[in-house]
Structure formats: C-alpha cells, structure tokens
Amino acid sequence: MWLNLSSIFKKLSTDPNVRAIVLTGAGDRAFTAGLDVQAASAGPILGPTTGDPARKAFSMRRYILDFQDCITAIEKCEKPVICIIHGIAYGLALDMCLACDIRFSCKTTQFSVKEVDIGIAADIGTLTRLPHSVGNHSWAKEICLSARVFGSDEALTHGLVSRVCEDKKGAVEQGLELARLIASKSPVAVQGTKELINYSRDRPIADGLNYTAIWNGAMLQTQDAKDAMMSGIQKKTATFSKL
Amino acid sequence: MWLNLSSIFKKLSTDPNVRAIVLTGAGDRAFTAGLDVQAASAGPILGPTTGDPARKAFSMRRYILDFQDCITAIEKCEKPVICIIHGIAYGLALDMCLACDIRFSCKTTQFSVKEVDIGIAADIGTLTRLPHSVGNHSWAKEICLSARVFGSDEALTHGLVSRVCEDKKGAVEQGLELARLIASKSPVAVQGTKELINYSRDRPIADGLNYTAIWNGAMLQTQDAKDAMMSGIQKKTATFSKL
Amino acid sequence: MWLNLSSIFKKLSTDPNVRAIVLTGAGDRAFTAGLDVQAASAGPILGPTTGDPARKAFSMRRYILDFQDCITAIEKCEKPVICIIHGIAYGLALDMCLACDIRFSCKTTQFSVKEVDIGIAADIGTLTRLPHSVGNHSWAKEICLSARVFGSDEALTHGLVSRVCEDKKGAVEQGLELARLIASKSPVAVQGTKELINYSRDRPIADGLNYTAIWNGAMLQTQDAKDAMMSGIQKKTATFSKL
Amino acid sequence: MWLNLSSIFKKLSTDPNVRAIVLTGAGDRAFTAGLDVQAASAGPILGPTTGDPARKAFSMRRYILDFQDCITAIEKCEKPVICIIHGIAYGLALDMCLACDIRFSCKTTQFSVKEVDIGIAADIGTLTRLPHSVGNHSWAKEICLSARVFGSDEALTHGLVSRVCEDKKGAVEQGLELARLIASKSPVAVQGTKELINYSRDRPIADGLNYTAIWNGAMLQTQDAKDAMMSGIQKKTATFSKL
Amino acid sequence: MWLNLSSIFKKLSTDPNVRAIVLTGAGDRAFTAGLDVQAASAGPILGPTTGDPARKAFSMRRYILDFQDCITAIEKCEKPVICIIHGIAYGLALDMCLACDIRFSCKTTQFSVKEVDIGIAADIGTLTRLPHSVGNHSWAKEICLSARVFGSDEALTHGLVSRVCEDKKGAVEQGLELARLIASKSPVAVQGTKELINYSRDRPIADGLNYTAIWNGAMLQTQDAKDAMMSGIQKKTATFSKL
Amino acid sequence: MWLNLSSIFKKLSTDPNVRAIVLTGAGDRAFTAGLDVQAASAGPILGPTTGDPARKAFSMRRYILDFQDCITAIEKCEKPVICIIHGIAYGLALDMCLACDIRFSCKTTQFSVKEVDIGIAADIGTLTRLPHSVGNHSWAKEICLSARVFGSDEALTHGLVSRVCEDKKGAVEQGLELARLIASKSPVAVQGTKELINYSRDRPIADGLNYTAIWNGAMLQTQDAKDAMMSGIQKKTATFSKL
C-alpha cells in the first residue's frame, strides 16, 4: 500500500492536470488508526527472524528507508497537498499528515503519536518533521513521549493544524474550496511557493535567499506573471496553462 | 528607494547615537500595498526584454540578489528594529517586517502574502524567513499558497506578531516605549542579544553555544556589566556609553 | 554547584533505575532568581582581573564553555527531563528549563530573560535554545531585548511551556504523573524518542530521517516491541527491563 | 540506459551475493565519450520545445533530477564500487566515476570535463562531487572551466584517481584483485566503512562521530567481529555470511 | 585600496565585455608583501584607542567584516579569476589568491601565511579558505602555525597552485592564454561552472545536486548550447553573445 | 588509558606553561599496533553479554561516544599538537594522529586502517576525519576498505602527512624544532590559528569568515600584536606572556 501511495504521489507530482491535492482517509471512523499491531507483530517492521543483530539492523534500515521514501513522496510532490484529518489519527496518521503542506482537522479528531506504546520510537517521519512544523517544543515532546491522545483544540493551539472544522464533511469542503482557490492561481507561482518554503525551512536564511534568486531567475519568465498582472489591472480572471 | 532603505539601515547600524529603531509606513492607509503592479508589469522585476532565457535568468538573478540585500540590511542592522504594521500590508510588507526583530500590528491591519496572485513566488524574503519566524507551518503555507488576506488576530495566534495594538497611533506609541526601554539598557548587551539569537536560529544548538562563548569572551569585558550590576545593587540608573 | 548539576545528570543519564526525571527548584519562592549579582560582580563571570583583553577573552571563553556544558548535560541526559518552573524564574532559570524536554509552569510563575539588565547577552543557552523552542520569534526577541517580566499565560500562548498548573504543588504532581506514565513505557522507545527529536530539531529533514533509520535498525530488535505489542493485543500491562 | 544503470545498482545494493563491484566501459576505445552530441542536440537534454521559459525550466529540472538520481544510485549502492577508467573518458565519464568509491585509470586514459564545450555547466554530478573528491581546487576549476583533456598523470597527482595501471586489461585485473580482497572481508565492516566515510565527508566532524556511534552500536553485534578476531588469533581464514 | 578592489570586481562581475580575469601584482618583486607593518601598527587593524574592550571588539569586528567583504568580492565575481602569484607573496597575498578560482605561481614565488609573526591569526580569509582549497590538512596547519616561507614546489605538491611557471612573464602569458581559452567558450556555461563548484564545495552532495538542477533548468535554455553543439558537429567556431 | 589520555590533553589545553605539544609512541617498534585483539575479543568493545540487541546497542553507543571523546580531546586541545608516527601505526594510530594538527612520519612507518580486518568499521574517528584531512578520496576509501598496509611515500603523496623523516629520532627532532618555533610565537596568534582552521574546515566559507571576525574582535586587542610588530620593526625578539 505504501509503495502504491508513493507511486500515486509521484504521478500526481508531474501530472499537468493536477494543481492541488486533498488527502483524507476513507470512511468516517479514522484517518488511520496506524499500524495494525496484530499484523505488525509478525511482519517486517520488527525485522527478519534470522541473521545476527548487525544483519538484522541492515535489513531493517533498508526497510525503514524505503518506507520513509514512500511518505516523503508526499512532501516531494510538486503540487500542494491539503490533509483532512478526521476521526482516529494515530501513529502513521501523524507521519503522513506532517508530510503534507496544510493540515485541517475536525472537532472530533483524536490524535496520538502512538509509537512508544508499542515499544518503538516513531521512525517514518513524525519525530523528524514535528519539531520543524510546530512552535511549542515542550508540547511536541510531551505528546511524543506520553503517546497520550489529544484533540483538535490542542492541535490548533500548538500549531499542528491551521483550521478545525465541524466534521469530516465540512473539512473536506473547506479543503476542496482551498484547493480550488489554489488551483485558480498560476501553477508556476504555486509550485514555486511550496518548493521555496520547504527548501528554506531546513536551511540558513542566506541559503534560502540564494536558492530563491536562481529559482525565480527562471520562473519570472513565465507568461503567467504577465497574465496575472494584466488580469489584476483589467479586473478579469486569468487562465494559466498547465504545468 | 530600496537601495536608499539599505543605505539608511547600514548607517543606522553603526551610528553610535542610535540604540533602537521603530519602522513604520507613512500615512494611515497602508504599511505598504506591495509592488505597484502597473509599474512592475513594465519594469525590471520581470526582467530584460532581450537575450535568451539563460541570459534573462542571469539578469533577474542579479536583480533579485540586489533587492534581497536591501531588505536583509534591516536584519543585519546591529540595532534592534521594531516594526509597526498598520493598514494594508501586502507583498513587500511581509518581506520587510520579517527582516525586523519585533513585529506589532493594529486591529485593522490587513496582511497578505500577495505574490502568487501576480503569478510569482515571493522572492525577497517572505518564503525564506516565514518558516523560521512562526511555529505553525500549516498556517504559513496556507497564507502563502492562497494569498488570502488575514487580520491581526490570526497573526498573533500563529506567531507572526507579538502584540496587537488598537490603531497605528497606539502601536507607534507602544513601539517607541519599547524602543526607549531597550535604549536605556547597555547597547553591548542589546546588540549582542540580537546577533546571538539571529545566529542561533539558523544553526544547530552546539554551534550557537560555541559562537556565544567567543562573542561573550570579548563582550563581558565591557564596563557596562560592572555599571549595570552596580546600578542594580545601588538602585540607581546606569548610563551606558555609545556603541 | 553547576559542575555538581552536570555530574548528577551524567549519572542519571545511564543509571538503569531512572526512567524519567522531574526537575524543580527548592522552596516556594523561586525556581531560581538567576545569578547572585552581588557575588557575580566580584567573580569569574566577569573574567580575570589581569592579562590583556585577548587573554581575558580566552579565559572567559573557557569559563563559558564549561558552564554551558554543565547545562547541556540536562539536554544530553538520555532520560526525559520534565521541568517544573515556579515562582521567580529569572536568568539561569531560562537557560536551565530550555535544556529540559518538557516545561510546566504555575499561575504565579514570573519569567524574565534578565541578562540585558546586568549588561550582558545571555550566554548559557537561552539565546541559542529559545528560537529552537518557541514559534513566535517576534515575542522571543521582545522578551530577550526588554528583559521584561512575563507570566505563564504568555509562556503558554507563545509556546515556552506546554501546561500551566495551579501552583507548585499541583505542577509537581502533574510532572510526577507524567513522569510515571513515561516510566511505564519501554525505555528503549522513550529514550529513542528524545534523541531523535533533538537530533532532527537541528538538522534538515533528510538527515533526521537517515539517522532515524539506523537508530531503529538497532532499536527495533528490542524485546520491548514484542512485549508491548503483545500487551496491547492481550490487554495486559507489560514490564520492560532496565536501560 | 540511465534508468537501467540505476535499477542495476539498486539491485546490486541489496543482493546478498554481491560484495564488491568493478565498473568499466565496454570495448577498448572509451570508458564513455559522454553525450552523443548529435542525438542530444535534438533530445530532452535541451528541454521541451513548447511552453514558456518557466515551464521549460520545470520540465528540465525534473529531467535533471531524475538523471542525477540514476548516477547517485552508484554512490548509494551499499557495496563498494571500483571504477576502471580507460580510453576516452569525457563528460558523463566524470559524473559516473566520481559517484564510485575507488578510481583506477590507465596510462592512456584521456579525461575531460567536456560540458562547457557544448555550452552548458555539467549537471549530473561532476561539479558537485569533484570539489569533495580532490584536494587541489585550483586544478579542479582549471579542468572544469577549460574543458581541456588531461591524462592519468595529472589525475593521480591531483587526487582524482588512486592508481594508474598499464592498460585496461591490467587495470581490470587490479580492480578485480582489490574487489576480491574486499569481498573476503566482513560485509558488515565493509559496507559500514563505505557508509560512514560518505556520511562524514559531507558533515561536520561532530556529526560524523555521532552517526558512527549509533551505527556501530548495532553493527558491533555482528558475529563477523568475533569470527574475524578469532581468525586473526588462530591464523585461519574466516568466512562471513552474506549481507 | 581594498574598497577600490571590491568595487572593481563588482563592476567586472556584471560587465558584459568581460569573460575572464587575470589578476597579478604590479612590478616584479612581489605579488604583495602583505600588510605594511609600520603603517598597521598605528592603524585601524589594531582597533580604536578609546572605549572598553567590548566596544573595541565591536569596532574591530565591523572593520574585519568590511575587509573580508572586499576580498570576497573576488570569489563572488561571476567571471573566473586566474591569479598569477610571483615574487613575495605574504599575508594578504594568500587571502587574495585563495579567493580566486585558479592559481599559477612562478619558480621563485615565496609564499608565507605570515600573520602569526605579527601576533595575530589571519582573519581576511586564509584560515577559512585554505582547508577548503588544498587536500593536505597537516601541511595547511604547518604553514599557518609556523609562518615559514615555502616555495612553488610545495605549493604544487600540496595543491595550493595548479601550475608553476618559469617566471612572472611566463605565468602571465599562460594565465592570459587560459583566460582567452575560457573567454572563447559560452559565458553561460563558464559562469555557471564557477557558481556550481563554489556552491557545492561548501555543502552536502545532495544540496549541490539540487541547486544544480534548478540552475540548469534556466541555463539549458541558452542559445549557446545549440550553437556550441552545432559548431562541434559542423567543426566551426561558435561565437557567444555577451553576459 | 584513554580516559587518561583525555585528561592529560584537557590539562595541557589550559596549562599556561604549554605552547605546543609533540605526541609520539614509546619505543621504536610502533606508534601503536592498535587494539589488542586478544584482549578486545573479550572486552567492552564488543559490548555487554546480556540484554537484548537494543540494550546492547545503547550500551555500546555510550562506550563509543566516551571513547571518541577521549580522542577528540586532542583536537579540542587549544595548543597545537604535532604527531610523530613511527614503526607500526595500525587502527587506533590513525584515529589518534588524525585528531592531531600536524603529522610527520618516518621512512619505515607502516600505516593501516586495520579495522575491517577485525570485522568492524573504524569508529573512533578515522572514517570521519580522513575525508576532511586528505584530498584524494579514492585513495582514502581504498585504504579503509582494503585495510592494506601502506608506507610514508603514499602517506605524503596523498596528503596524510606533511613530512617524512629518516627515522623516529629525526622525526622527533624535527617535531620538537617545529614545536619550538611555534612556541616562540604569540600564543594568542597560534591558538587562534588552530581554532579558526578547525572551525572553518567543517563549515561554509561565510560561516568561517563570520566566526573569525568576532574571534579577532577580541584577540586583536592583545599586547602580543603590538609587541610582535615592534619586534619586526626593531629586529628584536619578542617575548609573549603565557596563555
């Protein structure tokens, strides 16, 4: 399934018909309840059953890197991804939504960084992306070390989501509305904005500015800038070609 | 105008009579409405009209780097800069206020990272400094990708400003009061504090600590520390010489 | 005293009987009022009284690096550290609590990054760790440059603490309760979670993911994961051996 | 072909029967003469023929990133790769051999970083890896800016290769001999050595040491260390299981 | 003079008539003998004579940063700079030549990192750029810590220069010949090559590759690539327009 | 013994009577033959005998970090360390000499990065410091992956040592002579030079320059600079006070 997710996002990334993506879980009960513990306790997540501990470590490292790559495909997707998190959102739910660009949740969403409860440190992205995504590091460690369930109010207060909606239906509607708004804009501008924020988040200010300068050296040559400016002056709606 | 701004801040940076700076926009209507689109659609922001795309990219990269340098002069200014953001604050308003140290806004301030609406990704600093300035990255991407207007309440909730004042007059007063407070303290301590926070923001903890140690190796030799401590013990007000 | 603090935390770090730590100040009045200015004005913090400025700078740099190392011992302690900040919490209080993992305060806690008031830039960790710990950088600079006292409400709003308790007694109780919860979980999972968040906070996403993969290559081989999963399936409480 | 190369190296990376790899070009004439200019002048390397310059830049960036990934697959291959460079070694030859671990050349090898002669800056890895692979940066820039042909003597003197052999046959023999020697050792030790050097090359000393510590926390648990030590004491040859 | 040097290189950087630069010292005796000690002992290099040590440190830091910027203007110059180092090359000679791209010296050139002999650590670039420019770090420290004079043979062996010429006249001729060769090539390719090597030298491989991809996304759209390829196929000399 | 080595170097680091250090091995036979395999096969290097693989990994990580710290004490020692490597120099010999500043060897020195031969990747510093110390990365990997013995000629050619002496006696003499020369210079200048090179080696050029500026803001205030300049002008020998 994860390889599937990855190949879908790789395809969406360069599909010229796609301008923004809304990601949510099927059904009303859960975004995802995370790992199926029963299945996992037998499966590759705990590694091979033969070999010495070093060989097992190599094997698991390969497995984790592959799994991480699947989730990172969301972050690397050139198009913005809006994540609607509803119902139960445990474990992998956090790994996934933190790789998205924008997070909306519902009044009843129940979050948990559940991994310590199954005896492991989360390794598919939560512990890496969370301290780069929210401002309150005391809270970030509290939820990761305790695995306690928390609601949308905390998620909003401490900066994990930017909007709390009434329910899944409302959240999807707001997500789609935002996606439509983004899709109405120049894809050159939108995709550049995602890339430049992601690049700068990880690097010193000077590096972010320098990368931005060569990026826009190319991107300002787009027809979209002329069309968008003209549409602003003429109070008309511009249409931007695919990317 | 931007070259002018830069040379003013370079001068303020080492002018011994200056201890803190309050920056705001003239008039009541706007901090700045950003780029004058009508002018820009003809001007250098979209690059030269001759040359192949590579030569145009070189030309625009030079232009962007120069423009960024002008805004970065605020960040590099040794003296703290308090920014009062009022009225309309679009586009370059964000680039500018994010290069300042402290941001106050007014109840009626209207912010927008407007650039995607003119078909470009913001390139003068917003996309680089925003993820280093606020804690909620979902919100940061939401406002950059949607270009939607937001008010001071959101700006405060998500960490873009640290104070919302009644109106411009009140905000300037509070800014000046804070500036006077800062100006009453040792400039060695104040300017060191600005530099050490900026340095550490961009680098691993270990590097920040190491830089701090050599910085204060020199700075603790100031007469100000002795005078400030003595003034605390004697309940008198200390006066610190210029820097 | 600081060397003592450091050696205690180094011992706790590898003491197999310890699983979580609650740190607070003795008495009700203060977490710590910071430096004793009277003592400091005579002591090593302002450096030696002989030698040229370069030799003094060397001497003070050595002193600061040693002092920083003492506080960093809290951060490097393998076990999670919950800090209860009550009463007066000035100067070194901030240096110390920012090196802890989780921060709770009380309704009456009074915080101040006091250093500029004694003519120096804080050099034992506050200016380095604060911009990596809270999301609102305008606020972070405001409190560091003004040295103004602020309460738990601001500390919670801007992300310095994750919980405000009624009083010290209540805060210690909540801290101990959280510590007990953490101590009931696999120490392999808990200590890995602390290390991976700290590592990732300082580095690009790609580096955090890569380090996580080799970390868990070893750590998923723990008996704890099997026991924890089985306890979840069987609704029993697992007991995890020491670390 | 490049996608093919990449998938071969991904397969070799985890194929337990493989312990070391020798890479060379078919035939006696050339390792590779680089890009077929005639073909390239029509093909994707110069990008799509439709779209505005920004859309073309997006398209080419995608193409370059994919191409780079193919070559980087050699560097990411867990097994050591010995590269035998013979005959003409222009353009892509440098990109490829710099992604390998060990480089041997022949007396008649002719190297050239040829890209500036076709009007482009090399973008598949040479300009990135060369300054991390050789010590003389004046020479590195001289050969990249001039595109002049140079021989194995210069390559050895300035650190691009570590051995110059008589001819291709001799070089392949020496490469295979070295590969056999490496293959006789513990694959846990060998693959760890490659990974730890690559990791450390790109990062500060402190980070390299830290990563090494957790890596070997797992890897020292290998049976191979015990077997290798015993074989040394008993003067016997150890056999190490696959990885 | 240094401000002058800087403004000259800033002008050369974007002057479309310039494609490559040869830098040497006037006269036969010396590239530069470094600081005029007699003048320096009275001048700004040892800082102001009034103020406490902290204020002096601020003043000198400003002076050093400005001085470094002047020399860094050579490195930031978009056009390649070939440095001919002849005669006496002490102190600032090293700072300057290390900011250039390519270094040629003469049989009689006498180098010395002289600064420790005047009681200071070199601060205008030598200690920063030398470990990024040569491969033998033992040698780099030996010459910096001993201030001993060394000749072109050592400079070539350990990677400080890439060519040793008979005398200044010969070196200038070879420098000009190389400059002419570089000037005959596409300036888009040449200037891109300089920028991409400099960028990659300082950063992890992954960052260098990523920056290269967006750089060439723009630059491959140059007419030069088509002209250069066609000239290769047709065995004609291409002429490239200015940049 | 390693804890001992560390505490000696920590003491030498701040002992005002020490200005330069020559480190070599006792006796004529070996600098060090590395790990005593017989002892090691029973000892802590292969970790504890009880606990699950995760707990063993924690235990070994702690052990490796402590061991690395002992060797890193040489690098962190403020005084320059000249290493004389003679006779057999296997395994830990490389870890140690790479943490020194300057390396001299003898005609008969036999080097080997021996660790892969005992089934492990070197973890006390060799794999981290070697790619930052020599220019030829192909050679660096060749010797680490093959564990083959190599002599001083290769060590000099590829940049591991900067001088090859006739024998241990001669090497020690030359080491002492260099140490005496260094000791005759200003310790402020010498110790600054070591620190600034080490800092810059690991970081981008811009960071190295910035750190240098504040370092020298303090250090140029030394009396030594005035004395050294005056001694140059007056052709007298200056004496510098302790540090």
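Per-chain numbering from 1; labels A, B, C, D, E and F assigned in written order.
We take it that a contact is a pair of C-beta atoms (placed from the backbone, for glycine too) under 8 Å apart; a residue touches a chain by one contact, two chains touch by 3 or more.
Note that the structure is a prediction, hence the values are computed from the model and not measured.
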Can you list every chain in contact with both chain D and chain E?
A, B, C, F
What are the chains that chain B and chain D both touch?
A, C, E, F
How many hops, at fewest, get you from chain B to chain F via touching chains?
1
Between chain D and chain F, two touching copies, which fits better, same or different residues at the interface, with half of the numbers shared as the threshold?
different
Centre distance in Å when chain A and chain E are each reduced to the mean of their C-alpha atoms
43
Taking the mean of the C-alpha atoms as each chain's centre, how many Å separate chain A from chain B?
29
Just the number, please: Cα centre separation of chain B and chain E in whole Å.
33
Which residues does chain A have that touch at least 2 chains other than itself?
53, 56-58, 132, 134-136, 158-159, 188, 201, 203, 206, 214-215, 217-222, 224
Sort the chain contact graph into one of these: line, ring, star, complete or other.
complete
Of chain F, residues touching chain C in the complex:
14, 51-55, 57-58, 62, 78, 188, 191, 218-224, 241, 243
Considering the complex alone, what residue numbers of chain B touch chain D?
53, 56-57, 206
Please name which positions on chain E make contact with chain D in the complex.
80, 101-103, 132-136, 158-163, 178, 181-182, 185-186, 188-190, 192-197, 200-201, 203-206, 208-210, 212-222, 224-230, 232-233, 238, 240
Considering the complex alone, what residue numbers of chain B touch chain F?
211, 214-215, 217-218
Chain E residues within the chain F interface of the complex:
37-38, 40-41, 45-47, 53, 56-61, 64-65, 68, 72, 75, 115-123, 125, 127-132, 134-142, 144-148, 158-159, 201-203
